[in-house]
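First chain A sits with chain B, and in the next complex the same chain sits with chain C.
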Partner chain A sequence: MRQLFSLLLLSLLSFVCSASSDYHEQLVLRPLPLSALLASFDFRSNITLSAFETHNFRFFPRSLGQILQYANTRELHLRFSLGRWDAESWGARPWDGAREGGTGVELWAWLEAETDDEADHKWLTLTNALSGLFCASLNFIDGTRTTRPVMSFQPEGDHPNSTENMHLLYGVLPHEVVCTENLTPFLKLLPCKGKVGIATLLDGHKLFDASWQSMAIDVRPICPDDGECVLQIELTIDMVLDIERSKRPRDNPIPRPLPSHELMCDTSKPYHADDTCFPADYSANQDWTLSQVFGRNMKGICPLTDPAVPPVCLQVPHSRRVFVSSGVVEKKNADGTSRCFEISPKADFEMIFPRPEKTDGEEGNAAQAEIALADVVKPETPLLYAERSFTGHGQERGGVQTILRNPSPDTEVEFIYMESLPWFMRIYTHTIEAHVGGESKSNGSLIEEIYYRPALDRARGTQLEMRMRIPPAATVFLTYDFEKSILRYTEYPPDANRGFDVAAAVITILNRGEERKAAYTLRTTSLLCSLPTPDFSMPYNVIIFTSTAIALAFGGMFNILVRRFVAADEGPEAGLGKKLSAKLSKVLERFRKKKTAVEEQK
Partner chain B sequence: MTSSTIISEPLTANRDLNSNSNASLTPVPGSRKEPPPEKASDIRRRSFIILSFWLIVLFLGLPIWWKTTTIYRANLPLQEMLDWADGKACRPVFPLRIAIEANSLHEQEAHNLLRLTQHALDDLNDFSGHHLRLQLSPPSTEKKQDSSHDAALTIRLVPGESSTSTLDPYAPVLNITYPPNSIPSPTSSSSSLATYVASQLRSTFAEEQAIISYLLSANFIPSEHRPQGLAPEAADSLAKRTTRSLKYAPTYHLTFSLFTSGPLPSSWDIEAAIDEYMKPVLDLLSPIHNFTIDTQVQLYATPGVQNQVLSKEDLSSFINAAEWPLSPSIGGAPTINFVVFVGDQTIMAPPQAPEGSDVEAPTFQSFLIPQWGTVYLVSLPHDVPHVSVETLKQPLLTFTSHLLSLTGAPQSGSLPLRLSTLARIRSADLLLRASSTLGSLARLALALPSIAIPSSVADGVSKTMSHLRLACETLGGSEGLAHARIAEAEAERAFFEKSMVGQLYFPDEHKIAVYLPLLGPVAVPLVIGLLNEIKAWRKRRRERAEKGAQKKAE
Partner chain C sequence: MVGGKVNSGRMTALLVGAVVLRLAIFYLLPGLSDLLAGRVEISTPVTSFKRLQEGLFLYQHNVSPYDGGVYHQAPLLLPLFSLFPNFKSFPLGTYQLYIVADLLSARALQLIADSGEAGSSALFTSPRREKRWTGLIVAAVFLFNPFTIATCIGRSTSVFTTCAILHAIAKAVSGAPFSAMVALSFAAYLSMYPLLLLPPLLLLCYDRQHPSCAIKSAGKFAITNILVVAGVLAALFQMSYFMTGSWEFLSSTYGIQLTLTDLTPNVGLWWYFFIEMFDSFRSFFLAVFWLHLSCYVGGLSIRIRRQPLAVLTLLLGIFAIFKPYPSISDTSLFLALVPLYRHVFPLMRYTFVEASVILYATFLGPSFYYLWIYAGSGNANFFYAITLVWNLGLSLLVCDLTFAVLRDEWEVERPEMVGKEIRQI
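So, the complex of A and B:
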């Protein structure tokens, strides 16, 4: 599948190089096992550098172009992601992981600046401007969330003359929740808006209900060997839809139990009976139509798009039958697992993906599973599996464990593992160790190179980059310990007890032949680190407690200093009761006197 | 002492009285004993202790508390700032120098004419803020360049058959022809030529005078500056024009956008069109404003109003702000939008000239949105993929004239004269705006006693005032504009100082909650100790006085 995607990418690249049109868009649909559907939207437009410099924008969005010019940005990558890519069942990531980010928002850019300070200043401008453009909290990418990766990222575009003054800055907001307000400005950047073409399928309700989704914006200069340099903006949206979930009607989204006769049961189980049911696992063969899954029809195609690029492609074996609306031409590609559709500009496009013909309903589960696998393109094994989790307990220390598994039986994998940790996670570098699963001792040869930039409290986070090599068919445990620091009272967010998000680790697998180019990128999930949280009424408690202590000490001392000590029988009457009774009798006596005086007057 | 516990006795309790009354109330004879009289050194020591506690509180505690909780407020010259805002500090006077070029006249004649014309002008002028000073320009031609450089207008007197006047379209020159017999004799006290020249000058500068006097009256109202003859209608139209024009900025971003309701046309020759139709005016404006230009094409843009014929009410909602990417440009400068909308909509002609409306609707194709820009509706056949320079000619000419009114240039007069007037209007405007910002800052500082005023604000204020003073002295020239510009920028910076905007809010309940637990228990023994000591001291004095009186009596 990866080859297929890169083939596709290559063919697209060749299109771009030869294309006369400055814009194209394409949607690739790929059913995945377990009733999932991957939809990759790709929109790409070019502007010549001369037009860019004279501010004449046509397909390139003016709002973004101005920001890039103002912040001297040469290359920009922005990601909005949500959910988790299930590599175990879905296989390798689309675009070889190059168009996705960790959960939340990720931004990295190459800025042209003379000094580091100038670059920081421009970075601030860039994040603030993008924050306004995309309605995201990108302005919270401050010094503590910004790093300057050394090994992990390489420019994608061609920078023929300005490589020396380019500064790479990388910022990540793992806590940011990506939602519809980020999609609307995204659609505004497209030349055809969301009015025609494949972008009409982008519905916020479905997109953000997906199991996994990633919106990416990439701006890079491309200089073909012949012809003028262009600045290319590529907008991609990848999402994995749970078909069953997406098929729920919009006005009735609550899942309800099916009536018993509609349940799909595994009849091969010995306990199968009228009142028991083991769910059958062949939901990959769900039937669906385009409008059911996306909630709307596709309205024509964008007239600006390059006619050489088919607008919709579907990756299923040629044996599957697919029905399309009239006026659409189906073209099967030579590789046997993909087909594309030519759509007339004005017509609506609808596709029906029927359930494949079952040979026999009474067959066993294993056979059905086989059929299920034959009906979707078999997912390709990724180069590396990675998962990361916290270890340890308590509020003081913790540990991070990353399990990296090389599934290939014969090739070793070389990659760069990058962590950008918040400053309040102080890692103990001496505890960094990697050992192959099964062996108890740490293996020094796994980590080849470490780049470590320690955190400064409240100023910058930890940056840890490691070049590692994993032998074939091995599982490596990478662990390190850290200490949780205590924040200041005002530094806690309102929902302090929820925990603090720790950004995903970025794993860049290096291409073995070519140096410096990434072959595959993957990101772990983000982590939720719980820090010791104070009681927030603490300041008042402290004030009252210390005040009481001071008052007690002061009062006692002052009294001892200024009072005279006499024997008990020498002093006045002590005790509250006696004093009170004395006063009372005084008052009574006065009252009596008055009375007698009045009586005497009478 | 073994049987008795030690109790503390309130400091210098007036034990005699107490024990007496106790004795009288509770007759338990023998159970109470008199304590031995206190030593004088003990009494003195106690007084010293209390005194030293109070000294520490007053001379160490209070200053520390004051120092640590006080808010830094830089000294602002508040009265001076308010004077500026009220117009007491500066009397805006625009001395305009008018050069008269009369090469055909004798010097004596020319001087006489000058004197008479000046006299006539002074008679006509009722607005003291706007002075027209005539001077004779030397007849030699090589010096003409210099003199006309700093003069606002040059009058070129040429003998002719009758009295006519024309404005030169390319230079600030008023050409006046006069019949030969109208030259005043050296002795005459009035002349028809002088009156004619004066009235021509006056009508040329009438609009500028009206605008400046309007600005002055709208901002501050010293009555002696107030022109008498500003009619309400004229004031209305001036108000309309002032609200329409943008705030002054040294740089404006011009954004040209092509919006189409469908997929076509998707490209236009805007660069060539701007170069041809708009560049000359932009170059002329360059001493006052800089411009940056960007262009964009937007397809599938649905306007906010779908009607075929747009009425006046529709125009305000025509711009679909939610969907059209017309976000202002990044950077400090304001953006002026020029939108060419390709569609088949037209604007309904207003039944009468609209009065007091924000949206001007003079034509069928375009409308101006105050302080925002212009929309021009173009209807094209549906299959045209490209908009040519010829199609863009009319829209761009409209945009150019609207640009002038958006920048606030007056409507009458030749272009060079309008631009020099614009510079004067702008400097007056900036001066007034900076003054009123100063006034607002002063009022803010007075109204919020708990707001912090950092020293940068004080710096900004002093800079503003020095530049305002300079601007006030050099009004009417290019220097005045530069000073006014700096003053305005500094005033805005001082007013919008970041640390002042985020004012700390400590409610009184909060203060009580913080201070009471600490100060209450500490203050009570201190205060009671002091009161008791004073009481005891007074008692001792009285006793001493009584003793003295007894001795005397004895």
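So, the complex of A and C:
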């Protein structure tokens, strides 16, 4: 049955792909533990390469298309992200981490160019054009923030003939604050411009208030075995909303303590009483409506979208009841944990996700817990947990420690760990060490391969890629030391004491066995590195003080070398002071004489 | 003969004492050696041992250490240190190398002191020359100087430059111009600035030639020896080129001293000045600073022509103040040569002030640095101010020594002026 279904799906997909220019959009909602809700928006359209080359863009955004053509970009990936994915409670990342970036802006692209210099030039064109298009500071991705990853990224699309001249460039801006000015141009790239369809739910207030959000744009060529190559553009927005926070009324946004009768208490605790309350795990008790969570209703569906793809899907067990507005058809999928909704083109769509009704009496706590588990889809365990932090103190030197944990009890995980660090963090590769938690000795066999391109002051950042292998159920500590350099005072930003953002490390888990495609990608959080600062207020003072010190030394030396020695009572009546006082006394004497003369005349 | 034996016995005891002291610090206080290796007063970007280790690691893993912003030291140090076992697993080899370098420096210093060059050179004999310290004392002052010990424990590679410079002087004093030039070339190869010592060293060599094989013509002598230096340097560069496979090392090793791209704090005057300098004036002031540093060479060589060793001493003092990346190791080299002028100490005017300023800066410097970098209760001006004090103290010492040496010369012409008040016109 399942195979038949997937076969159907495949044939449907191939049909979709072979259609000359198609577009579909889909929103997938997945309640997560701890009152969180993951919303994944996906907008995808294809265009044949021949149509693209003849500027017949149809659903492909013209502005972006022209930039890509001008910069000879074969494949483009752009990410705007904010917040932290809490893997411990939310589990594996959506899209296996393939549609997210580190905090800030990330851009990587395969450009077609003959030489490295030409690729750099085109990269500059691309970043500057995208900067204008997305109202982001992408033009600050200069040589110091650009790297050419060797192992971490593989093209996602099909490049049948031209892989030799393709240059992969990767740039990252961890300091960039993603906000509404980036969302508006993003919505303009959609065929329905955010006026109808699922894109109407995208409200800047809610999107950038999310616990975690990632906007992604992927452009890649896809060549099916039969038929013409198409250029696919996929725009995705993933966000994790805090339901409690979203439900807070707009006119009363200040969080206040709930009245006691609204508190959700865990009644299984022995100390539970009228005046004590242990907060219950909220996940089972989520209740929300679409308009509460997104701040507005969904208005119809985009008329251009492929009717075969349902616009909204919800991933909860079939046992959970969901109310939808009239005219909407609910279709439960065969896997038992998801359902989709078919919406008539003009109608508004509203969904009410009520608290599950308590069956079989409310006193059975164990039963309740079971129901709770059954009422949300259990998060999938990710292949790897990673967290990175600074060690040490002071503004002179420090260390970076990454804790990598393989949760699987029986399979080892092989991955590529990539850091692109700013040049003013001088890392010492001879201090790179990886050891399994519990063992004190460093274990050389964990790191299998290192690719290292050292930083060059003011010209290039550090690029460090490591292929590592972690045994099953092990925690690995990866550490290295670095030194913070002090910059010229004009190189500091206005808020120099805030620190400098260090981009997230990218961890690409490799497929076992077959060709080296990424099975799962994750990123650590970005870090804030504080550098020693000079005193910005006193360039003139420093110039003057240092010059004075040098002048004193030089003057003293010059004096001693050039002047002759004589006894204290020899030579001419020397000294500027003595000469001056002599002159002064002369003048005074004359003045006195005059005075006496005048007095005599009187 | 008996005296000589006693002397050599004492020398051995001194050397053994120095070795034991250093090994004791290495082994009994292992934390101290790492602490000192990380101090900005000891390890500058061009001499730091940690950077050397990084360069070595990259070199051994076939990454060019000069294609990065960390390693700025001479290429031939890499194969030298590759010969020694890995520092992490077997540090004794590296310790031995540094201790031996210190001992060789002390030995050279003893030779210089015992030659009596400081008191009576070829063209000048000081009336006070009898009042001098023996080589043993001079070597002891060097070996037990806290600055020297700290440099050795901190494993700064300037130890090797110091050793080469002292050997160049020792060879020049003992009448071996060729060896002196070779040693100077090594020093210049390691850290560039010793090349400025060439003119006074040529004068010293010229004055102390063996009469048997002397070159009478000064021009011919100078050209021969400059050619020797050029030849040795060319050979060293060629070897470096073959070793690293490119000329990249030139800009990374010597270019950084000329352009000061790495602004890590140190005890000198350059770093803060060029942090705060306006971009459009940066190159101008770099040129001015270098010009200032080199202008002393000509002036001193001409004015104190009769005592080339004094010129070398004073120049080393000036370099310890004004070179781009000075450290206390340069000061220790200067302070090692100052005791040779024991006979002019009574002519110095401000010894108490100088000693107190240097001590003051020595103790306050690290604490101000701590306040700035770690405690956060001070800012960069604290450390900057203390480096100003330190450099003013040192420059006062250099000026005072110059005065004393010149007055000593002058009193040969005017023996009646000994002990009288004088002035300069």
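Of note:
One rule holds in what follows: the second predicted complex is superposed on the first by the 495 of 602 C-alpha atoms of A that agree within 3 Å, B and C clash if a C-alpha of one lies under 4 Å from a C-alpha of the other, contacts with A are read in each partner's own complex, and residues count from 1 in each chain.
Assume contacts are C-beta pairs under 8 Å (C-beta built on N, C-alpha and C of every residue); 3 or more make two chains touch, one makes a residue touch a chain.
Since the structure is predicted, the reported quantities are computational estimates derived from the model, not experimental observations.
Once the two complexes are laid over each other on the shared chain, residue contacts for A:591 go to neither chain B nor chain C. In the superposed pair of complexes, A:568 makes contact with chain B and with chain C alike. In the superposition on chain A, contact is made by A:457 with chain C only, not with chain B.
Contacts of A:393 after superposition: chain C is touched, whereas chain B is not reached.
Once the two complexes are overlaid on the shared chain, A:559 sits against chain B and chain C alike. Judged by the touch definition given at the top, the superposed model places A:538 against chain C, while chain B stays out of reach. In the superposition on chain A, A:323 contacts neither chain B nor chain C. Residues common to the contacts of chain A with chain B and with chain C across the two structures: 543, 546, 550, 552, 554, 558-559, 561, 563-568, 571-572, 574.
Residues 393-397, 423, 426, 428-430, 450, 452-458, 483, 485-490, 532-535, 538-539, 542-543, 545-546, 549-550, 552-554, 556-561, 563-568, 571-572, 574 of chain A are the ones that touch chain C when the two sit in their complex. Interface of chain B with chain A (complex): residues 1, 4-13, 15, 18-19, 21-22, 25-26, 31-35, 38, 42, 46, 49-50, 53, 255, 263-264, 266-267, 270-271, 292-297, 299-301, 323, 325, 327, 329-331, 513-514, 517-518, 520-522, 525-526, 529. Taken in their complex, chain C has these residues touching chain A: 38, 40, 50, 53-54, 56-58, 61, 63, 67-70, 261-265, 269, 271-279, 292, 296, 299-300, 303, 318, 321-322, 372-374, 379-381, 384, 388, 391-392, 395-396, 398-399, 402-403, 406-407, 410, 414, 417, 420-425.
Those residues of chain A that touch chain B in the complex are listed here as 54-59, 61-63, 66-67, 70, 129, 133, 188, 191-193, 195-196, 302-304, 540, 543-544, 546-548, 550-552, 554-555, 558-559, 561-574, 582, 585-586, 589.
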